[in-house]
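Each of the two complexes below includes chain A, the first together with chain B, the second together with chain C.
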Partner chain A sequence: MSEVIQKDTMLSYISGSVESDAKSVAIRAINERGIVALENTAFPTKKDEDWRFIDLKSITRNQFVTAEEANAIESGDISEHYLPEALNSRLVFVNGEYNRGLSSVEGLPNHVIVGNLSEHADNPHVKEYLGTITNYDDDVFAPFNDAAFKNGSFIYVPEETVVEAPIHILNVFTNAEKPFYATPRLLYIGEMFSKSTIIEEHIGLADNEYLNVPVTEFKMFTGSNVHHARIQRDSKKASHVSRPIAMLDKNAEYHSYTICLGAKLFRNDPRVIQNAEEVDFTVDGLVLIDGDQIADTHSIMDHRFAHGNSHQLHKVVVNDNAHSIFNGKIFVAKDAQKIDSFQENRNLLISDNGKVNTKPQLEIFADDVLCSHGATIGQLQDEEVFYLQSRGLTEQKSRELLVYAFALESVESMEVESVEKLLLNEVIKYTNRDEK
Partner chain B sequence: MSEELSDGIKELESMIGEEYKYGFTTDVEYEDFPKGISEEIVRELSARKEEPEWMTEFRVKAYHAWKEMEEPTWFNATYKSPDFENLLYYSAPKNRPKLDSMDEVDPNIRETYEKLGIPLEEQKMLAGVAVDAVFDSVSIFTSFKEKLAEAGVIFCSMSEAIKEHPELVKKYLASVVPVRDNFYSALNSAVFSDGSFCYIPKNTKCPMELSTYFRINNMESGQFERTLIIAEEGASVSYLEGCTAPMYDENQLHAAVVELVALDNADIKYSTIQNWYSGDENGKGGIYNFVTKRGICKGKNSHISWTQLETGSAVTLKYPSVILQGDNSVGEFYSVAVTTKKQQADTGTKMIHLGKNTKSTIISKGISAGRSNNSYRGEVKISKKATGSKNYSVCDSMLIGQECGAHTFPYISSENASSSVEHEATTSRVGEEQIFYLMQRGISEQDAISMIINGFVKDVLKELPLEFAVEANKLLDVKLEGSVG
Partner chain C sequence: MLEIKNLHAKVEGEDIHILKGVNLNVSAGEIHAIMGPNGSGKSTLSKVVSGHPEYEVTKGEILFNGEDITELDADERAHLGLFLAFQYPVEVPGITNKTLLREAYNTIARANDREELDPIEFEDYIESKLEVIEMKDEFLSRSINTGFSGGEKKKNEIFQMAVLNPVLSFLDETDSGLDIDALKVVSDGVNKIASNENAIVMITHYQRLLNYIKPGFVHVMMDGKIIKSGGPELAEQLEANGYDALEKEMVLNGEAQ
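Moving on to the complex of A and B:
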């Protein structure tokens, strides 16, 4: 036997050690499980198929400290980020730490729980499901969140309950001397025929470096329904690696929309598992990047049972030196007949130094299915630009308008009005950035 | 689904499982050669083939390169890795004949060709196809040589080219597929037995379709064919390759290398029908088909087109590629891959756009049945300097039966803002509505299914030269339709 070469682990980029001080047995067990996995799993390199194109330098050149050493927020000066629809259904986390003062969960129906995970650690649902939906394989980021999280969001929607107000999970990150890490965590349990809207936001308040590794777990019982919007507006120097996963029972509906605007390095591995017959889900994405940003999405639509519908529209605009990577997998297991799955990846490459890699992937083991994917990489059509110019717009303005229109489709899927407005502003900011 | 319909599909499935029709062997004496591989064996092989010194050194260097490389395992296929130490790297019919006419060919061999349906004697009169027949590695017969010579076309076996046209071989051999390109290309470079060499001079249109029939006939003999086709400025050629193999239990390795070079305004069309023994119902036996095929559009406005119909082999790993280096060059890939029983195919293409305004088209159709697995793996890469380039890819898969799998792994990348890439893929079964519609018009269910499958692959089969199209249809019939069609 040859000698085993000592490889870097996730812990190589963390200053000090990661230890669990959780009082809850359930959380402590997950922390410890994560630490063991971290110690035994090599940090990915470009030789790993799933990490072939991505440059992880912005993580590997750092030694991230724990968030406690970072500055906490001064006061309520994040109120501009509150959603008017969710004034009384909001949880706020500052650098991954729960902030009771800024949170407000007054406006929720009876028996709905929206709160800090560590305070509900003894809830039987938390004990039963926390950490059971994520899976590791050779991943280091999900175990890192497992190892390091201390609190997080716990959302429980009882049977046949509809939560009208959107539930706003606001993660803000403040300035700090040293780059720090944060591990936001979310556990969602939707009982039979429940319904809710979740707005998960990540906002960098300053222009500093940090590592944000969120994990969200959605356990969806029969007939439950969730609209899950994820808005990533991290600082343009931050690294964001997220692992959202949803497990769907019979007749469940899960629609997720990930909007990527910020972060120097964004890596998102959404996964939806069809765990019973007749489900319906969406894994949409909109990526608007420029400068030196890197955005990488590796999604999995995992059909394990018959009769499922899934849909994915992943739109990307790449400007300057930015680099977009997409790998969308559709799995259909043996005997999972009558699956209708459609995946679309549209890339708009508007600069000569940008780069797009895409790999839509189908792995089908059942014959009575309809699965398709389409991927395009292209530019704005000269005819379209000319048409708008002939109507009196400048070339610059014409191009902006066309990029805006390209992004619009994804923004319009937002169910919450203020979120839609906010995103439209972000799109305008992106397209009109060269204007003074 | 109606019961009748599912019965029809069952019947279809049973026909798919039809036994290999071309399983027979021919008794021909073979020269003895030790098994296994080492520098001595490579040198001995080169000596027996009476090769010049530079060729021997090329092989020895390749052998050492191969020694250092690791066997790749990234394919979407599982198989018993070939025992490289137990293979026979050289086999040639004894007393290689140098013949003036067909009558002098060993009657046994002639009989084999007849069973395969290759009327060598008739070919002269018929389609005007020159056949460079490869029988277990060594060319035994080349026809139409004179007519080709008149046009200035060189079409001969690789061994002959090494002796008679060393300047061309030296210049182009391993220029498209470098020795170290991959594990199997390195192995092939060290031990390649023979193959076809083809050179089309400037502004010449090859007067006939060139063709080679391969046939693996010696148990445990790995086949390491090497083909090199060069089209000079303004030249054009169409080359056909087809193969069947006898039924054996021991897995046989076939690791060929095919290199195409197209200079300014040249045009190369390369068509393949592959129907090697695919193993029995349980996947026992069958050929390993690990081929490296690559063409380079070196000159401006050059054009390379690959067309393939893959129906045989237990395991197929094959990615005919085009490097689009010249400005305005065009690459095409048309493929039908059919897998049945326990066959595994991982096939596709690479289109590497380097020159300006280059265009590529990929049309791939996969049909999986039985317990087989069929994967499309492709790469489209548009580099920064390849401005104004375009790619269009379609890869469709059809599944027949509940135990097979279809997979798609397309890698797409673009690095400039004036190129466009379009890719689409679908996976589905033979549509019930389609069958119903045809039946409602009075067409029998079996005919309907056969018609739908024919329609599914039509886009690709129409790219085959006429001489091949008949054979292709026949093959599909045997493979998928049987008496259905």
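Moving on to the complex of A and C:
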């Protein structure tokens, strides 16, 4: 006797249908591919190994609509969020929609492209690479972005070109009548020996519920170099599921730093794929959560060729009832000798009810590699608190200072001064929140 | 200034009693040394007086300028002018010496209705204290005790003492782990800070430190009590004959219980 079990798909939580109206053949093909995948892939449950610890209720209890249907309001003046270093290298997306008026890309070197993906859909690089880097088996979120995105960021840095100004991809989300979804998309092409800094930011301007599902694809040719900072300051009622992936050719360097401050539910699956010998990459993270926030990082560092350096420092502070999950996979293929990979997950629990799940996962098939990993879950040491207190600081101030110091290291790797300042303020806000 | 009366203390939440009736009086302008073998409770005494939450006072009281401070938190005691130089100073990566000291200085100033110092005023003030322990400017911008040598850590404790200008300081085994040069610098620092207005209590195992900082009063602690007090000659006697000889003598004289 056979039985057909009807499982939920991503579309079960979307009101109305997701259809492609893209004029570009390249975008339409990916939209359609995404729709097919969505219809045929079950939405994850706690029975799936990679979703065991995470509570997806803030997605599954909703019926998300488009921002337009939700009557999302306009962004108004958001210049307080502009970075002084990136005044003329900024793309702005409001609720996932490209906003030409708020964007400014005047200050870039010749032949560098920073623009709306749909306007560059005929660019041969877009045609060749868009949608080819993402690689998430049995996933519903990358296909959802595939199915629903209409525009996005296209960044192209030609051979031997260094973009000095950081490129700011600013995604803002506004208040709306209903929970809505947005699917920010980014394609980055770094030609041989090019170099740039990308600041990808997500900001919730109000306190509303929405679903933010970004996909970023980085194609890194020989010797190219990217510093990719990702700052997630979504509304504390939002759900954010992101799929950032980078593919590295020989001697390429990709350093990513994900800072998680906002969202009720944050799920981040960064992947870096070593596609040739001698690469260097970083997959760092800093998570500061409280209330009933959930932040889940499932990363993959995929070493497929010999001679690679990779580094992952994932730091987490958990307050109140918040819950952090970390699963860091390091793959080293059979012939990928001389890999030097380092992973560390440090968790600081500063409340009685916070929760941390951490799991390093090393799958190493080569025999001449150096791979280390470590995970710690700790509280502030009484002796540290007493030391500061004995100098006259209140217990609360002592604890704040120690949490601040814990988070500081990750903030200092931002390389862009205004971003470091912004994050220092966020860290202070997080640690000082009870102070009048 | 400090009156400790019949002080009993145990480890918080456990049945380990360490102080078993300590009596001690310290007045302004005095330097005291408390000596004793390992495990006699002398370090615990300094922690209990500073308000370490690991210990619970079960009996007796600690009066500071007439006020009972037994129930005060460590920071409240620091506001009154108490200071503890740690035996094992704690490393705090990410916070510079200067940041901690400015926060500490201004918190204490606020608690005493004194004027706070702004960053520029504080810079001048703190730099003027560097000579106390012969340290360079760069010392200020290093993370607290992080990567410091043993000697640097102890110097940093005395530097903090100089900046915070406490009324009463306990120096917990400040001499341990110091080579002769560092010991001289640290002792000089303490001697510069000592005045008629403040008081210092040194906790030490050895006579060595007392060659450089001359105490007016020496106390011997054993098994959670001060069993003998005297002048500097008591330290010399201990150095010559050891703690065992003293213990035997006390038993012979019927002074030990």
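By definition in this document, the second predicted complex is superposed on the first by the 427 of 436 C-alpha atoms of A that agree within 3 Å, B and C clash if a C-alpha of one lies under 4 Å from a C-alpha of the other, contacts with A are read in each partner's own complex, and residues count from 1 in each chain.
Operating definition for what follows: a contact is a pair of C-beta atoms (placed from the backbone, for glycine too) under 8 Å apart; a residue touches a chain by one contact, two chains touch by 3 or more.
Quick caveat: nothing in here was measured; it's all calculated off a predicted structure.
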When chain B and chain C are modelled together on chain A, clash or fit: fit
Chain B versus chain C as contact partner of A:I350, first or second or both or neither: first
Chain B versus chain C as contact partner of A:K397, first or second or both or neither: second
Touching partner for A:E383 - first (chain B), second (chain C), both, neither: second
Chain B, chain C and vertex chain A (Cα centres) - angle in steps of 10°: 70
First, second, both or neither for A:N99, with chain B first and chain C second: neither
First (chain B), second (chain C), both or neither touched by A:A405: second
Chain touching more of chain A, residue-wise (chain B, chain C): B
Touching partner for A:C371 - first (chain B), second (chain C), both, neither: first
Least Cα gap, in Å, left between chain B and chain C after the two complexes are fitted on chain A: 12
Parts of chain A lying in touch with chain B, wherever the complex brings them together: 49, 53, 334-335, 337, 347, 349-379
Residue ranges of chain A touching chain C (in the complex, touch as defined): 381-384, 386-395, 397-398, 401-402, 404-406, 408-409
Chain B - residues contacting chain A, complex: 74, 382, 384, 397, 399-429
Interface residues, chain C side, partner chain A - complex: 50-54, 73-75, 77-79, 83-84, 86, 89-90, 92-95, 99-101, 103-105, 107-108, 111, 143, 160, 164
